[in-house]
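Have a look at the structure that comes next, please.
Just so it is clear, A, B, C and D label the chains in written order, and each chain counts residues from 1 on its own.
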Amino acid sequence: MKLECAILGATGTVGQRFVQLLDGHPDFEPTVLAASERSAGKLYTEAVKWLLPCSVPSYAEKIGISGLDPAAIASSGARLAFSALPANVAGPVETELARRGVWVFSNAAAHRMDPHVPILVPEVNHPHLGIISGQRTPGKIVTNANCSTTGLVLGLGPLRRFGFDRVVVATYQAVSGAGYPGVASIDILGNVVPHIPREEEKMVAETRRILGSAKGGLIADHPAEVIASCARVPVDNGHLEAVAVGFPEAPDYDELLRAFAAYESPREVRGLCSAPDKPVVLTTAPDRPQPKRDAWLGGEGNRAGMAACVGRLQVSGGWAKFYLLSNNTVRGAAGGSILNAELALRNGSLGGRA
Amino acid sequence: MKLECAILGATGTVGQRFVQLLDGHPDFEPTVLAASERSAGKLYTEAVKWLLPCSVPSYAEKIGISGLDPAAIASSGARLAFSALPANVAGPVETELARRGVWVFSNAAAHRMDPHVPILVPEVNHPHLGIISGQRTPGKIVTNANCSTTGLVLGLGPLRRFGFDRVVVATYQAVSGAGYPGVASIDILGNVVPHIPREEEKMVAETRRILGSAKGGLIADHPAEVIASCARVPVDNGHLEAVAVGFPEAPDYDELLRAFAAYESPREVRGLCSAPDKPVVLTTAPDRPQPKRDAWLGGEGNRAGMAACVGRLQVSGGWAKFYLLSNNTVRGAAGGSILNAELALRNGSLGGRA
Amino acid sequence: MKLECAILGATGTVGQRFVQLLDGHPDFEPTVLAASERSAGKLYTEAVKWLLPCSVPSYAEKIGISGLDPAAIASSGARLAFSALPANVAGPVETELARRGVWVFSNAAAHRMDPHVPILVPEVNHPHLGIISGQRTPGKIVTNANCSTTGLVLGLGPLRRFGFDRVVVATYQAVSGAGYPGVASIDILGNVVPHIPREEEKMVAETRRILGSAKGGLIADHPAEVIASCARVPVDNGHLEAVAVGFPEAPDYDELLRAFAAYESPREVRGLCSAPDKPVVLTTAPDRPQPKRDAWLGGEGNRAGMAACVGRLQVSGGWAKFYLLSNNTVRGAAGGSILNAELALRNGSLGGRA
Amino acid sequence: MKLECAILGATGTVGQRFVQLLDGHPDFEPTVLAASERSAGKLYTEAVKWLLPCSVPSYAEKIGISGLDPAAIASSGARLAFSALPANVAGPVETELARRGVWVFSNAAAHRMDPHVPILVPEVNHPHLGIISGQRTPGKIVTNANCSTTGLVLGLGPLRRFGFDRVVVATYQAVSGAGYPGVASIDILGNVVPHIPREEEKMVAETRRILGSAKGGLIADHPAEVIASCARVPVDNGHLEAVAVGFPEAPDYDELLRAFAAYESPREVRGLCSAPDKPVVLTTAPDRPQPKRDAWLGGEGNRAGMAACVGRLQVSGGWAKFYLLSNNTVRGAAGGSILNAELALRNGSLGGRA
């Protein structure tokens, strides 16, 4: 028995990824595709400017777009909603859905910093899911991280036990992260734009929160300094990041290499439909990872694009540095939300409401 | 009276910049255009695949290519040579030229780490020119820095007096830095390649050396830790860098801003033909500098492209961070060498040999 | 004594070109910068997102944006207006300005097909200017062609006397032709989009009209069949066109080559400030013209970018074929309008109204 | 029982496609991977710079590279060879293999114009396979067309019965067509290069030959005039073509549309492993086909990328025009050769030799 679900903002670029990734999902069945009033009433195929290189899944073709009406969504039978709403719209809609008993797995930033809302990247911080018990609504809100943060915390995961205290990261972010129409071509062709509104602030705050510890139903931030510089590059898909991690004592290269090579999904996450066996693929090629060639690691089907890739690991004094790539539209957006829902379902909290 | 000069490697991409920038130069007149045996004997216009968006300067059209024969160059009347040779060829040719009394201003890495050869970025370390007195040859070798290092040290110049001890930099480097044919299009279209052979090592070593102090005819490296991650992006011209600079004590944003805004060429450099009035242009626009739009700062004519641009300055804890852009083919290559020669000429050492 | 002029749509991409190209113009002095109500009241520098790689000309910095009010513009002292308005806005505003005695030199398509409005590309059809006498208003409207048409008719100019009867053209058009924000980066990075709304229709109709003959105050279209296929490519500036021209009898290659080489501006146009000496630059290089390298031919300053470039001329049976490049934002837009105004001024009609 | 086969030039870009597409092929099993002496002796994974976004197929990892020695290949047990050799090497190697009884399915141009060698695009000219009986060697050579020709003749297939007499085509060709390293990035980033050596001549000659008729063991060229203009664009994969087809009498739009919509593989070809059900996919979207979005039509697995896509069909006077896309590395190269071998096998000639 699949759980019926809604996709909010289903016509946007992240919404399209939800529509694609949920095609044939074993646990969730999209029955509501909600978008702005402008699209409401049209068939999905009429309303969407489909940008993915595959066809619109056939299940979605037959669905008519509904508006963003929480009451209607809640009464439709949808037990959960995947939210790809723009930040300014997401806040009240998601709150109202939770109030009406619908669980929300959101890619939007609106509730990420709410004290009882986890920013969940399961391989890294699955215990944070527990803080949802502080939410007073029958439905709960679970967020995934910003796309650039998601990759970073996956790459930092294997290093946590070595006790770093500084992270300096510079990003090379794909245009797909800006939605559609997003970045104007005249601004990015043959260019790099060293500014993505509010991205650096998110990356700093979210990274420290995700790496923090859940205590007494709240999250205590990780104490590391995080310095982030974010830029847009003329790449379609895949956020590359140059990461330097500082330790109080000089780390040992071989130990770090082994830590990356041995890194696996924790038991609580392993086997979930969208969970890659190895959340981080380590490459020793001299010139990888590259967005065009390494953005689809993690496995086949729903797992493709769910693993980050780390390469060019080096140690210098008190620093380790490496390049990291993650798929911003899959792992850093729709796929991350879906994995969160799979974890919540396994935990019993989501399914148990019936 | 202009000094006659040779351009070594005149048909390559950096060589072409030398040919262009020396057109009408008040002090130096190219009379020898030297290249590999394959080109020798042809007219310059026959031998070169001209890649600049202007025409071949008319003076160069009439010059026949000569081979890389130090004896012939030295006896031609050329008092100095600008070297755009590939690293593996540059070493012995430059040494032999110096032995025969020709000064060499080199963009090649071959001699940069020789103890009596300065890596000169005049606005930052003009006193280093003095160490050439340790060279035993009648001609002297002066190098400029690697293209990515040049921008970095210009950007660090205004911050030196605040006593930083860590520099973490990630680069977004243009394909023109790889020469011609350089990077294959299939490797870089819609992609980022996080590897430029030996670039990171150069950036670390050269930065510490350029920022070091000249004592007793030798250079003592600057003690700061330098961590560099270098990547190639699909941009034609202009190296962008995300720079994070760590200080023992938290810096004051306004002080740093004033330091950048007030930064000027030192007296010893000011007024040189290729010296920009302000070596670093500070921008407060939210999304600059950008390679496509800010690579030609510094002034008109021979000064265009000689200034770096710094933007998005921010302070966070013990760190200052900013984006920095410099023109890799002008300031980071040919233009840098020419400025070095202008400084040597003003100093009397170069011209005084006559 | 310069004539005061207005620039309509001064903040858009073509408007910016007008602002730049009219800086220091010997005949015209922009005193009114008009834009939509959203910008009105702001200083130009506050209202514009300046996209050109030079600075905003200093004269424009001090000008406050006015709204698109024909009465106010007409009473401001402006004797002519350069229109960079979007098609849907241009029609009534331009008509009303003409009614109030202001001459309009328009880059917009709104009036191009009016029977008494010429589509003027002076080197090709300067006699068409005469049909403005059929306009009943004290001011007159003169249009330039669509950007892709302008290049084509320049390239066809030298061939007209050989009597072609078919023209098949496929375009490779730069993104700057779409204005700002224009084409979404995700649509064009690493892609070609074979559709530009209404472009092919314009190219066919305008080409036949411009090449037509003015008789009795009206234009009789040129009888050649014109087949146009228009596509957008990931290029910043410069429209490339693959042109095949069919003749009833097989043309002679050498004759065509000589016709291109000898092609010059007619006496009526020669010496105008923006008129290139040679409207078409012929190249025999095997791989030119290229947008990145040949978009700025025609001369220095205001003439740069005013010449088209033709290369790879070949003859096969009854066909001549060649590649043609023209600068779409200069020759194909703002520069074309300015040249038209210069011609009207020389003709006496424009200046004579005072 | 699969036939053993060799892949010649297995490390190049087309060779890699052969390696990938033959993974799991029901009829052919690569047992010899041959390349230049430089690679011979190494394992395939050591010798290849793998550029495809998937992994090297596991079967290929274990194979050691052999040199281009026809005797050794013939005695290895390989019954056929797929040739991705550069033109200058292919000629004698392919001839010698055929002499020794190995069938050669070649992507190289060397033998395309030999009188008894077909240029085979099965859906369009499968009867041409018959002319191989004129080859005197025990093995036979069968070529596929140049990548840009392949797409064109597929698109012209449905129109043949309407009797066109002129074809004017302009191409927008992907950089993958130039092999590796191929086009230098500085030449193509933000640019179009209107020259591909010998491409236009091939396109003209091959198109007329493929569309011609086999009579008496020889091919009589199709009489249509073909005018081709070929340019390289900054696209990874997929050749787009603007095609104008002239008819003696004005064609009817609806008839042409129906002809495209109804076009199917002929009975002789249908069901072959690599044959798409519909060799041409017709799209009525206003802005398609696009290389980035439509290069993988034709089916799943080995059929993906085997269908061309036609869009924007229009009729004007005696002309039909449309845009056409085909996958140059699959349909226009390795996939085309494989389909040819499948046809030869079904015909009995290839398999029958055993």
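Throughout what follows, contacts are C-beta pairs under 8 Å (C-beta built on N, C-alpha and C of every residue); 3 or more make two chains touch, one makes a residue touch a chain.
The model shown is predicted, which means the values in this text are computed figures rather than measured ones.
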Third chains touching both chain C and chain B: A, D
Comparison of A-D and B-D by number of C-beta pairs in contact, larger one: B-D
Rounded Å distance between chain A and chain D, as computed from the means of their C-alpha atoms: 41
Cα-centroid distance, chain B relative to chain D, in whole angstrom: 48
Interface hub residues of chain D, defined as touching at least two other chains: 189-190, 234-236, 292-293
Complex contact set, residues of chain A against chain D: 53, 189-190, 236, 292-293, 296
Interface residues, chain B side, partner chain D - complex: 13, 51, 175-176, 180-190, 234-236
In the complex, chain C residues that touch chain D: 168, 170, 172, 189-195, 204, 225, 227, 229, 231, 233-236, 240, 242, 244, 286-293, 311-312, 316-319, 321, 323
